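One structure is given here, and the rest of the page talks about it.
Just so it is clear, A, B, C, D, E and F label the chains in written order, and each chain counts residues from 1 on its own.
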């Protein structure tokens, strides 16, 4: 069956790792599209915590566990090029009320100008939608991963515990308060 | 045929009158939903320029002229109540990059909390997405309606020309620069 | 015992009615000050839902029920004048991440310039901090008050049920989506 | 001598009364234009504190006292119409860092779309650029006008002292903290 | 002829490359100043796509082609120091409605505090004012440069086609959606 | 004497160097807490201008000179971990009206979610609250340090003069206008 491209949406990100905020967006978008593709962007030049394939498997497992109707795929290169290849006309983004809106708008308007891709925004849930993956890695590097339990799925917390060395290596053990005020 | 409620969306507003910015949102949302209802809210206590029925007819005529697949309806009362009655689970809003985001987010989160209605945001087009209906009425009251031709559909401009007395009556002949700086 | 004025804080508002968002701010501020005064501003020219004394009694009852160490008082006139009279040097405000920050900052800087009163901001809780009292009255006027149960304390919902006529009278039965987009 | 219209700028507002923030913008714009017109918009339907002519005389006196090279004029109707009549192609606005930017941008883009008038923004000075005339009237209504001495020119404070009855009449003796949180 | 320094403005940036958004600002500022200097900042430590001299020549050619009355110059060091050397008292910046305003304001206030340089803001045109040079390089690295035709002058697109190797080298072939959500 | 943890506040940052904006926040917070700890975060991986111990001594000297009742300490690792170790339940942050609020809110909500630490915001003073330490280092690298006299305490300016080589080494002699517009 081929879908109308306006009914296929990409939800792009690095998802390294996926957070409760990301999952909240996926749950709220349930039913909005014929197909929702969680599109894991991979950046060879960037040091990652989990490999693209590990991320894919982890997200697929979480989606299966709660029966979320999504496809999980990895890609390299531009998101708009992957969208065209996948036959999608829509990008889904979760807006946190404390998001960097200027950045999101610039991205959405550029994707429209260069590839006629529309971006559809949905507000992420209030209680866990505010934290970025990089903030999470900073906190994890501090040691006590269990305190991230409100922000991350249990599967991700377990996987992170097995990878403490790498976390400490890629996130310095200090935090955003000391990035240069 | 009954649709999945997640595929029926309301696009609510007063539309007094509809602007190119509103139409731009409708065009961009084309194909995103099974049914898109332009929902004209009516407020008995408020002095309007065009009656609800006039607005409905005007929008229907514009939609027909360019074959926009929308339903146009009027309602009174709460938008979330009309959504439930219409079997819709989604509200569509056009975000202007210069929108009052705090207000939009508050509305969206409240509609979610009281009625489990999700709000989906789409960026309105850059070139005519910035002007509100009330600003337009202020300018029209100044006299020269043709200068609104970049901001309003031709049908609306024609209809406004026939109603200059009423425009002058409901919008004082001065503007937002003198609302109290 | 007299306190250092820097340790007495006012939490001003109309509280007509008090919401879970307001209460969340009060709970989070617990312990921050020697005395926290919930200061109910009264405006003779404005039609209110509950009288100042009714609001005072309702808030006092809620505070007593969960042992919140606050004083509840009503005042007329400028907040900075009431602060001086009460011996307070600090105003407490809850910032919603979707607040009108420009307005809050203007108010805080003005209060500093005219009365040397500092304003201290605290983020209100994500899950119920987003709704204003006026939005709540609009929704209540639509009829089904119980759907406000995530946003209001049970005592307030009960009190509102006894006052449906007045709610309908002061809040038109329609909503912010139709205030003029 | 006739000037290039791009070198004639309007600085529009109600200026009821003019504040130190307004004057700061005028001082900073000194030399930027061939002619700077302080354009006092008048709104017959609005209750004002000082009449348009009183405002004009007060601003002229202040400008003369410190040799500010400005023209002070009153107008009715749309600002863009007055700009055309005055041969000006530019509107000057002071941005407060806590300004309502969404509103300013909407106004600027609308003025461009309907009249090809460009708006030029300048940041108002940090120390007194934050307060609106309406906030000032609220505070004045509280009684002690001298505490506004950081926010208003001395001439304005004197003029306000002679008009306490009117101030109390148009601004209720309470403040923005009690406008409905 | 020597000009009043308040009539000489710098429009600073890296312009690597210049975009339609930049050109739009220059066109709108036409006539506002006696002299407008497009000031190409050069950063020895940063890998650039076009050399400062290539950028200067490219911009000069575009300005000549449409008779834009500008001077195009390169500089190193602080912008405020170059302004003083050039006898300019004004910096011109294009605000995109989705700009990083906090950053722009901080810069403008700092330039005022350390060098008495005023910054004048103008809104860039809606239809192509939103994209940064770095976003453009990311997209170009994806391959199909012609899709940038709404965002870049034709001369720039041609020059970029001759430099695909360098573009791929300095911008990784992936995009902002995968920078770390 | 042991204090209530709600009365001990951390004011975290790198303070490399401390600015008048930081000091303004400290002065305004005077009296608000039983103990205010200026907490100097240290990041072994980051090149600093002054060593943690130099920063501690410089801040202590400034605080002593004007009798500011603060404790000055250095720490490594997460701010929330240092807060717990110090027995503090509150983080104090200065909001500049042009701050990156999205970033501040994200940080505050994360600190609440992972460690039940509340963040209390205070507006920094208008006249010197806008400049970041990194912007200051850029300007200093341009040569003339005395022009920073409105932004930095005299002690810091003196200390920077003795360290011009290092400043030039860590901050390239160009500025934010040429970071990539």
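By definition in this document, a contact is a pair of C-beta atoms (placed from the backbone, for glycine too) under 8 Å apart; a residue touches a chain by one contact, two chains touch by 3 or more.
Worth saying up front: this structure is predicted, and the values here are computed from it rather than measured.
> Write down the chain pair in C-F, A-B or B-D that repeats the interface of C-D; the criterion is over half of the contact pairs matching by residue number.
Repeat of the C-D interface: B-D.
> Using the stated contact rule, I'd like to know whether A-E or A-B comes out ahead in C-beta pair count.
More C-beta contacts join the chains of A-E.
> Chain B-chain C contact: same residues or different, taking over half shared as same?
different
> For chain A and chain D, let me know how many angstrom lie between their CA-based centres, rounded off.
47
> Taking each chain's centre as its mean C-alpha position, how far apart are chain A and chain F in Å?
Each chain's C-alpha centroid was found; their separation is 32 Å.
> So how far apart, in whole Å, are chain A and chain C when each is placed at the average of its C-alpha atoms?
So the centroids are 37 Å from each other.
> Among the residues of chain E, pick out those that touch two or more other chains and give their numbers.
In chain E, 97-98, 101, 105, 109, 126, 130, 132 touch at least two other chains.
> Touching chain F in the complex: which residues of chain A?
Chain A residues touching chain F: 96, 98-101, 128, 130-132, 135, 138-139, 142-143, 147-148, 150-151, 172-181.
> Name, in rising order, each residue of chain B that touches chain C in their complex.
Going by the criterion above, the answer is residues 12-16, 22, 41-45, 76-81, 91, 101-103, 105-107, 109-110, 113-115, 132-134.
> Touching residues of chain F toward chain C in the complex: what are they?
The contact residues of chain F facing chain C are 4-7, 28, 30-32, 89-90, 95, 97, 101, 105, 108-109, 112, 118-123, 126.
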